[in-house]
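Per-chain residue numbering starts at 1, and chain names A, B, C and D are given in the order in which the chains are listed.
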Amino acid sequence: MGPLIPQDIINPAWSNAIAVLIGMGFGFILESCGFSSSRKLAGVFYGYDFVVLRVFFTAAVTAAVGIFFFNYMGWLDARMLYINPYYINGAIVGGIVMGLGFITGGYCPGTSYCAAAIGKIDAIVFSVFMMVGILLFSLVYPLIENFYNASSKGPVLIYEALGMSPAVFLAIFVVIALVAFIVTSRIEKKVKKVEY
Amino acid sequence: MKELQRTDRLLIATGVFILILVIGLLTIKRPYLEYSRDLLSSARDAQNPSMTVYPNDVAALLGQGSKVLLVDVRSEYDFARGHLDNALQIPKIDLLTKKNVEMFRDAVKEHRTIVLYGKDQLDVTAPAMLLRDLGIGDVKVIAGGYEAARKALSGEQADPEEYNAEKAAYNYSEMAKAPPADASAPTNLAPEIVMPVKKAKGKAEGGC
Amino acid sequence: MKKAYIFLSILMVIIAISLLILPRYQKESEVLPDELLAHIADPSRYLTTDKVAEMMISQDPSLLLIDTRDSIQYREYHLPGAFLVPVADITSEKYNDLLNQDGKVIVFYSNGDLAAEQAWVLSKRMGLNEIYVMKDGLNRWMETIIRPEKPAETASSKELDLYQFRLGASSYFGGGNTVAVTTSTAAQPVVFQKKEKKGAKEGGC
Amino acid sequence: MKPKDSVKPYFNPYFGGILLGGLLLLTFFLTGRGLGASGAAKSTVVATVDKVAPKYAEENHYLGQFLSDDKHPMNDWLVFEVIGVLAGAFLSGALAGRLTFKVEHSPKITSRRRLIFAAIGGLLFGIGSQLGRGCTSGAALTGMAALSLAGFVTMIFIFGTGYVAAYFFRKNWI
């Protein structure tokens, strides 16, 4: 059955309208979870608020389990889903730079939009400078082009890389998430509360 | 964490998610087509000689009457020009329609042998393999195809080896070592080897 | 509140277990049966020996010839550059890397074409693309490429052209050994007779 | 801070996670791809540069690949999605009474310092999201849901670096 738009079950002309609706849901959920507060987000790094980890892991587990079962039930053809290609350099260095950006800026792109939408001035500054950063990246791109495009592995799936079946990996993933939830709750109780 | 105090909505959301999965799993329809044999056993069994009926045995096969389900995969035109008695014409592309799969399964339940034939053995090798992989019994094929079977039925005895398409017809290594049989102009032709233009022609000839 | 989280934790464990015990119907990577049938019904996978010879002569870098016979036959004779992958072992792990190369056009061959066809069906089910079968196999290869038969004088220019190509190919693939002419002529009549028969059977197609 | 009664509490994070996961699943089901955020910023940059200096945009190896004659760079799925994000977040903030113009920062630092760090963070995130071919939502969250290796690696490095560097920036937050 699914995915619907790539298979023309829903006319692709609707895709932009659907994008707005999905985006609204995305923004609403992020804001309602408190992702519009940089201090709440940064809590994950200092142990006083693990909201990021909780939302993130719950969402990833729910969606991954859902995709697996939908595929199993024939509702969604998992082979047609977009898998972002794995470039070792890009993923690692990009991840490190983003991690630094996260701890200094306190937002990630999606959350900065949410925070900007409810009037957080720091988030507006963050979003604007994110675009400056992209521009900067395009300026130095010729210098790092080789590095950026090197070590391409194509769209690799993690269970393939680990040599597992998807079901086994997913089961492990669910258990890891559960352990992470329990451990972080314990940590949270011990760490001094921060008012924000 | 005061947010963690409220769990009513969380439980409802979880319940809805689980409910969707459970409904999905309960209403799941097993596809009517599934491989019942994995690749390994399919590969191991690919060259099982008992799956081939040689032309000389076709008469005996037809003599079994309703114990055999004979399927002709050639085109309707070829079928109209001549076919084996009691054969059913099913084009290759229609072999797996729901109706035909059910018919095959019923035939297997009634202990009938399914035999495919086409214009030659190659014509039915892949379809028979697919049907076997899908667990539709031991689907046999007629070596040499329709023409061979017809000839055998009209009394012409043929050596089964003749219809063993996988038999090496020549001693390849000997033949490849030796010069071309036609030695009229062997050397001066060498420069003409690479002729991409001839590609189309080669294809046209081999269009069969 | 505590109770709810305990319940949810147990639920997560149940999900994890249910993932593991879910019966598997089919390997995800395999081509579905009806798709496979559509490929089977499409005869474009058959390449003539002339086409294969031409690809070999032009040293097409994407060409990957696979010999689907057994190792004895392979050692006895195989097409130049061909790799041995017996049909019964084609699913074996050790041939995985060979068959799963990007940008390769795989051509299966055997003595006839049944083993090659079976290898094709298995590979197609495994999800390989760009795979072909050399029609009529090495038997035809010998008749057309190694020992091309001279067409009648009245044959069309197309056939004559093809013959010229085959003669060229023949000398490319091993002809030109003039010393052996006398020794092999004795065996030739037999060979030719057989070829005639084969050709007659061929007429059905 | 506003009076307590006018500000609604945040969602239970697990509830939010399940909603977000369900939304992600729906997105995959409808479009075959996941959510994203930084892609829209990239499209905006491409469109802006194309407007200001079209010649440069075309010549630039990086920006040039996102330009095509038949499609405006802003006519992109992610741009529309982010318009939705802004609207949805505004709606949520309005319903919960969280709409205020302010700079949120730790009481130990000044607003100025917070804004400077936000700018640095934005800059880094802009560069990093291009290097990593997606941000936390596009690469990490969506990638993890689809079980892609890139998603997991990116996620591990974002948060790993965050934890390593957290010590040096503690004054900004706690």
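Please note the rule applied: contacts are C-beta pairs under 8 Å (C-beta built on N, C-alpha and C of every residue); 3 or more make two chains touch, one makes a residue touch a chain.
All figures in this text were calculated on a predicted structure; none of them were measured in a lab.
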item	value
Between A-C and A-B, the pair joined by more C-beta contacts	A-C
Rounded Å distance, chain B centre to chain D centre (Cα mean)	53
Chain centre separation (chain A, chain B; CA means) in Å	47
Averaged-CA centre spacing for the pair chain C and chain A, given as whole angstrom	45
Contacts with 2+ other chains: residues of chain B	3-4, 7, 10, 14, 17, 31
Shared interface positions of chain D, touching two or more other chains	10-11, 13-14, 18-19, 21-22
In chain C, residues with contacts to at least two other chains	8
Graph class of chain-chain contacts, one of line, ring, star, complete, other	other
Chain D partner contacts - residues on chain A that touch it in the complex	2-6, 10, 15-34, 36-39, 42-46, 48, 50-51, 54-64, 66-67, 70, 75-76, 80-88, 90-110, 112-123, 125-139, 141-142, 145, 148, 153, 155-161, 166, 169-170, 181, 194, 196
Interfacial residue positions of chain D with respect to chain A in the complex	10-11, 13-14, 16-35, 37-38, 41-42, 44-45, 48-49, 60-63, 75, 77-78, 80-94, 96, 98-106, 114-115, 117-166, 169-170, 172-174
Chain A-touching residues of chain B, taken from the complex the two chains share	1, 3, 17, 21, 24-25, 27-29, 31
Chain C to chain A touching residues, read off their complex	9, 12-13, 15-17, 19-20, 22, 24, 28
Parts of chain B lying in touch with chain D, wherever the complex brings them together	2-4, 6-7, 9-10, 13-14, 17
